[in-house]
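Okay, so subunit A shows up in both of these, paired with subunit B first and subunit C after.
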Partner chain A sequence: MFGKKRKKQCSDPVVQQLITMVGESEVLYLKEELIAYECDGYTMSKGMPRAVVFVNNTEQVSEVVKLLNKEKVPFIARGAGTGLSGGATPFGGEVIISLVRMKKMLHLDLENRKAVIEPGYVNLKLTQSISDKGYYYAPDPSSQYACTVGGNVAENAGGAHCLKYGVTTNHILGLEIVLPTGEIVEIGDDGIPDHPGYDLLGLLTGSEGTLGIVTKITVKVLKNPEDKKTVLAYYDDINDASQSVSDIISTGIIPAALEMMDSIAIEGVESAAYPVGHPSDIAAFLLIEVDGISAGIDDQINEILTVCKNNNVRKVKVAKDEAERGLWWANRKTGFGAMGTISPDYLVQDGVIPRTRLPEVLGEIAEISIKYKLRIANIFHAGDGNLHPLILFDASIPGQSERASKAGSECLKVCADVGGSITGEHGVGIEKSAEMRFIFSEEEVAAQTNIRAVFNPENLLNPGKLFPQPGRCVEVKKEPEKVEV
Partner chain B sequence: MISPSLEGILPKEQMRYNNEEKHLLGNGGIQIIEAYSEEDISKVLAFSNKYGKTVNVISGGTKRGYGGLIEQADILLSLAKYKGIVEHSVGDLTMTVRPGTTLKEISDELGNYGQRVALDTSWPEIATIGGIVSSNDSGAKRLLYGSVRDLVIGTRIVYPDGRVIRTGGKVVKNVAGYDMNKLFVGSMGTLGVISEITIKLRPLPKYEGLSLLHFPQGNEQAIRAFTVLLLDSKMEPVSLEILNPAITEKMTGKHHYTLAIAFEDRENAVLYQENWVKEHLPIGAEHSVLHEEEARQWWAKFQHLGPNGHHDDENDTYTQAALKIGSNNLDVLINVKAAVELAKVFHVVVEAHGGVGHGILRVYVKGFPEDIVTYIKALRKKVEEKRGYVVCTHLPFKLRETVGVWGEKPGYFALLEGIKRTNDPNRILNRQRFVGGI
Partner chain C sequence: MSMGGDKLVHSVNNVKTGAPCDTKSLGNFLWEDLPDEKKWEDCVHCGLCLEACPTYQETGEEQHSPRGRVHLVKAVAEGKLDVNEAFSKPIFDCLDCRACETACPADVQVGGLIEEARGQIRQAMPLTGFAGVLSKTALKGFFPYQKRMNTLGGLMRFYQKSGIQSAVRKTGLLNVMPTHLKDMEAILPKVDKPILGRYPEIVPAVGAPKQRVGMLTGCVMDVMFSDVNEATVRVLTHNGFEVGLPTQQGCCGALHIHAGDRETGKKLAKQNMEAFKDYDKVLVNAAGCGCALQEYDELFRNDPEMLPLAKEFSAKVEDVSKFLYDNDFKRPKAEIKTKITYHDACHLAHGQGVRFEPRQLLKEIPGVEMVDLPDADRCCGSAGIYNLTHPEMAGALLERKMDDVPDNVEMISMGNPGCMLQIAMGVEKYGRSEKVVHTVQLLDWAYEKEKKEAVDLMKSK
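Up next is the complex of A and B:
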């Protein structure tokens, strides 16, 4: 990577050992090299890592981890760094283990509908590499062109098409992990279902890199649907759009995707790279996709059109070809980044609510916007009630970052208060660890950190993430237990 | 008589001394306690934890023969009366239920709203949702709809010390904290007692069809080729279940290997897919189709195959066993064949069915105890050659030790033990019911 000889010699003994282990070119330790690793896609918290080490295979991960464990140096696994909650962000002094070089497909078994890949494999590449045979990998985060499947496993990533097909955890059949001790463990035996024992696959998926480093993944792959149709519906009133969402679900249709964007979000995407020509004066649009057996799709589309019309839709249309459909999706999937065209900075939130509470919650988010004098755009997975309020601010104006953070937290409180969750797919990370208290009691947090102690007893792997610091009064202490596997 | 130490914990009418003869399936208890509420569960567990009493948990009892090396614990805690729907949010397609509610009770209620829980597990009028979740039971239609772990979005768990801990939530998408729901699905009640479950629902299908393909020559190659073709097509079967001749005979009167291929969709889409099947029919295969009520009745009958711990009859001349075999999807065909062939060698009678697209095979065995034991051992050896596993989901207590319900401990057993120790340090709950004697 940094081929030319470095001027400064590194005096850090841990870094020296890492270099001996994996080679000079595979370790970053100069400040200017480390800056890129100060944070992930969540930029409001930053910390300088001690070093970044690129690993090439499971054995190397194990060796590196053993060393760091011996030296009691905290460490963090990192994929593409697109995380939106600070999961891969150091507090300062951690060694980052980057998995991006581990990006091979190890095995493809279409008859049994599975693929075995290394963790650095990029999400979209997986689908691209099997699409010629008519298959795809279902979870499709909007960052799929960049994010790694390892990162997806750690965050239990979702995406627009998870409404019908489920999130990452529903597609993971097996994992190889390196425990914080350096031991290598194989779980799920390459995809044989329901392996006897506690569901460690389910526990590890979404554990935000705090239980083990994923070094190999067996995923389920699906056959492409025979047909799909996509509808775009423009509304003058956001409540009509929300009501349409509930009504579509009530008719018994499970759309492949059911997305919503409000007027501020539309302003953003229309001035970014993939404008569709949405009218500038609408309150919201719905992007609805139905897929499956061709013979059953027209019926469903007709029912959807009826629902939209019954809810005062201004205009509704079905994509006439793949090019139009592709444009609508590009417009949607680049939605977050598009906010950069209308605001210097933005903070993405990720609350979940029962979808029947949409109108009420969107109303409250609008109140929060007024209260904090910050514009809030909404781009979200309406079908499963997963909101993404995007709080627009300007970090160069003193006080705005703090206001944005507070507004974000308040949005999550609203979600929690209607019986929802503080995160549907982006994870807790650094960002939302305090907000965990909106939905879990101290004891419920302790029930989880106690499980962490089984895997990560000394909390060397990604410390400080995911959980709030225990409250002083109810601190639940557990003897950390060493696990010999 | 109630043991004095338990007095005052719950009203007398909820507790009784177990006067029965020892149960063929074990997993009993000296005191039987009926819980009527979460608080009851909590009181019983807190008491047991404090005084080192062991607790077995039961509801419908259909899985009483599934795991367990203790004939009688100190307490048998029954949740059968802790039932009912707490909340059904029709528009959100979610439902919260108490553990003692049977699958049938749930389905009946949801049917009124055109919805269902997408679980087609056995004995739905006896099996409770708590038991189904704890044992991670599943049916043929998991091929398309997934299994329990894909459906449970939240729980309330009474921990062994009596505290109530919530996992997950009530929304369909949620990554806040660890996915603790998963720990309790399939944990055989060894980590806590589930006192409430929130599940994702689905709309009832608009139209149901079932294509039955019979293979009079039992032609393995033809069956395999056809399933590969179907799985590689764009059809969306809900089930692709292979039935051995004995089960087919029970279900349809014909003694052939059979593929049961269900489609559930709009009527047009179902008929179109059935037509695809007809057009690709393997040579020599016979074919029949059932629709709507007929199809539903067929599946209802299918849900009543195999032994059921609730009324396993001790006087039955033969012993019964049930096995769950996991393998690579297509190895189900090899394993079903092996199950049938080995049955001849070991003089047992078997019924077997398995999902070629989902990798789970069920084998129901009848015979003399010693034959069953040798049969299971031989079949396990065969299945393990291809990295599969055999778990005994029903077996008389006396045979469980000899056979090994769960097979070998996994390499990461220390992690499982660590989790058990974390949740249930005194090992009071369903002791020795699970993998490696956990």
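Up next is the complex of A and C:
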């Protein structure tokens, strides 16, 4: 697209072979280009790839993978690079296979409520492309403006509305995959429930790019709900907000979304691009949405308002129109990026806890904040107990990155200790591989790496991600490595 | 890792032996007017800007995304990259359209940062080749000089009126020009004399004056679209404003700042600040110029003496459509029966946050039916002189823009001369029939029709 040819030839034989295979314009190899790929949305770990190759179809992916196998060069599949656990970040020397140019919709079958798309299709564009026909794609991670569905499959991405609708794995009907050895296989049977044999779709979804490269995805699309209503509730005490969450679920209502933000998170979003005008002195707010057929929505809203009032809510209101509802959601969904306005860097954690333990866990996170002298903002999918503590730090101050990393790890330990998990939707990647030991024994890790070996026998595809390296343990977790370029 | 090829390394060494500023440096940024660290500190690498960026949409390449570009600039400041050709490319391939700034949750000022980085690049590596010639002749030789621009306009009028244009078109002489220049020649608007100098320095209001306002006539606007300037003056005076056209005003400097020539940009800025010093309000009908004027404070951020003056000046600048709407413009009574769509100029929508007001001006003209343009605020590819320096990318964006224009509209309205030229080129190239108009022109036509109808009514009585 940018006509000018690069003046420099590349002497790397692997790069030369890639260029021969896919063309000069489809391969990046200059340091000034590659440095843009040294990390994804998780910036605490960086490494320079050997090259970036853009693929345009399944056959090309297969050819490139076969070449890299022959040359024994490790490789990583990458979508938009908005992941938050370093799943698409190189350790150094990997070839990145970028799938962003594979972004076509191949087939739309609204009668059977499914669509077949290429992996580079952007999440929000999927909904936008079918919304005029009254349909949408449910999983809505906050990065949906930019992230690809291929990346969503790799990370089993969630989103604000997964409380009612489930995460990515609940919306995948079939996959075409290039195995780490180059063979092309199709799994799933386009929506036949309970297909005989192993649930390979379930295994592949969320495998963080370690079992295969997704080249085609059949997704479920849903009919737009007939009606939806959204409530915003301000609290002076975070325990009251937490109790409201449990009480709402106890009524039997399943809200489409049930989100919480604490005061530091509110400070961030209010100084960023989509301020709503939340009071600066509240302890937390809840953003609650119910959707479905029109009849009954108002009853549910009334019941929710009653629960909020019974829990000492300071103020509670229902969005008066779509514009107001849209602003509330924009404010919430840009929450992570908004932290840039109050802190140069942040580390987002992704713990899951039983809902009833919320007040206790928030108390412990507050203590971790004091212990490490770092502010921690909390944005979370309260309805399904998925916490996102955002540890605010400044990487340019020596020692702060290390402290943030340790504080993050302790937050996850708290979650694991109350019977929860270290990740709900962001994946393990580089970031949390050591913390896998909080929830899995050596034997359980080994059982899983044995499964990986069946698909990825030489461990060339996304090596070093998801599982702890043997012998590496949390206590010696060092300053994130920085590969010199 | 080894990249081979000694050519680049060599040029980098040359760069470093150049003349760095003696005061201070920032990593490998060694020259005057250093980039602003604060701008990349705000970026947390979330990537929400990616899909807003036209060059990322087209290429999918991270270094051609806002996040990638910010990362590259930061890498130079951290000493990880040098200021060289390979760094320069993604920085100069940016359209400077600011769509990323609308998308960014943390309000990172990507546009300003890119312009600052370009300032460093141009000091490190002065331009050569076609770009160098273009920069020297057009940016340095013409735009800053009102008289030369007028002479150029005069030559174009001569070209059009003398019959040379039709001769050139008939003889196929155009075929020796690069395609994108040929496309551009095809749509040259009928050039009239600029209003600056032709109009009095103060144009009185119609009726009792409500307020006196200054108006930037612009260089491209006044030379290529003096009819838009005429319409703007008529609309403002009709609304009771006395319009000042100080003759010492000049080019806004946007094209120079976008090209990394911040020195010329600053000279022009000072000239304009002086020219409008007696005005409380400076109105602009060219989005690119308005945005540049509103960002003079950004231009002088490293100049403590000029900064307060620049801040004061920038606060006075407003787009004419927003000013009219906010000041309760006279609702036209005559009917203009037309179907129209509105294209958001990047520097109006993303640069100044003006989206609602121009649409509203159009909607309130009786008979005007507005049809939505999908992705109305995606760059049309004009981007100052980007369509001359990057014809391939600009052409791809123009094609997408024309694809989006609804089939059944008669006019495409906008608020920037660069977009007007580019979209007119699209209309010509894709064999379409829409008329390309400035928002204020439509309002002017409605007022003029209203006046004429009033006169006719008087006569008939």
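Quick notes
FYI, the second predicted complex is superposed on the first by the 462 of 485 C-alpha atoms of A that agree within 3 Å, B and C clash if a C-alpha of one lies under 4 Å from a C-alpha of the other, contacts with A are read in each partner's own complex, and residues count from 1 in each chain.
Note that a contact is a pair of C-beta atoms (placed from the backbone, for glycine too) under 8 Å apart; a residue touches a chain by one contact, two chains touch by 3 or more.
As the structure is a computational prediction, the values presented were derived from the model and not from experiment.
Once the two complexes are overlaid through subunit A, subunit B and subunit C fit side by side, free of any clash as defined at the top of the document.
Of the two partner chains, neither subunit B nor subunit C is touched by A:Ser129.
More residues of subunit A lie in touch with B than with the remaining chain of the pair subunit B and subunit C. Figure note: vertex subunit A, arms to subunit B and subunit C, all at CA centres after fitting on chain A; angle 140 degrees, rounded to a multiple of 10.
Of the two partner chains, subunit B is the only one touched by A:Ile422; subunit C is not. When both complexes are overlaid on chain A, the residue A:Ala447 reaches subunit B alone and has no touch with subunit C.
Of the two partner chains, subunit C is the only one touched by A:Asp12; subunit B is not.
Applying the stated contact rule after C-alpha superposition, one finds that A:Ile439 touches subunit B and leaves subunit C untouched. When both complexes are overlaid on chain A, the residue A:Ala338 reaches subunit C alone and has no touch with subunit B. In the superposition on chain A, A:Ser45 makes contact with neither subunit B nor subunit C.
After the two structures are overlaid on chain A, the closest C-alpha atoms of subunit B and subunit C sit 20 Å apart. In the superposition on the C-alpha atoms of chain A, the part of subunit A touched by subunit B in one complex and by subunit C in the other spans residues 485.
By the touch criterion given at the top, residues 1-5, 7-8, 41-52, 55, 58-65, 68, 71-72, 75, 80-81, 84-87, 89-90, 93, 103-108, 390, 392-393, 396 of subunit C touch subunit A in their complex. The part of subunit B that touches subunit A in the complex is made up of residues 89-94, 114, 136, 138, 146-147, 149-150, 159, 163, 165-167, 169-183, 185-187, 191, 202-204, 206, 228, 231-236, 265-266, 268-273, 324, 326-330, 357-360, 387-389, 391, 406-407, 410-416, 418-419, 421-423, 434-435.
Within the complex formed with subunit C, the subunit A residues making contact are 1-4, 6-12, 28-33, 35-37, 39-41, 43, 48, 50, 52, 54, 80-82, 93, 98, 100-101, 103, 120, 122, 124-125, 143, 145-147, 272-274, 334-341, 344-346, 485. Residues of subunit A that touch subunit B in their complex: 109-113, 134, 155-156, 158, 162, 166-167, 169-170, 185-187, 189-203, 205-207, 223-226, 246, 249-250, 252-254, 292-297, 299-300, 352-356, 381, 384-386, 419-428, 432, 436, 439-441, 443-445, 447-448, 450-455, 466-467, 478, 481, 483-485.
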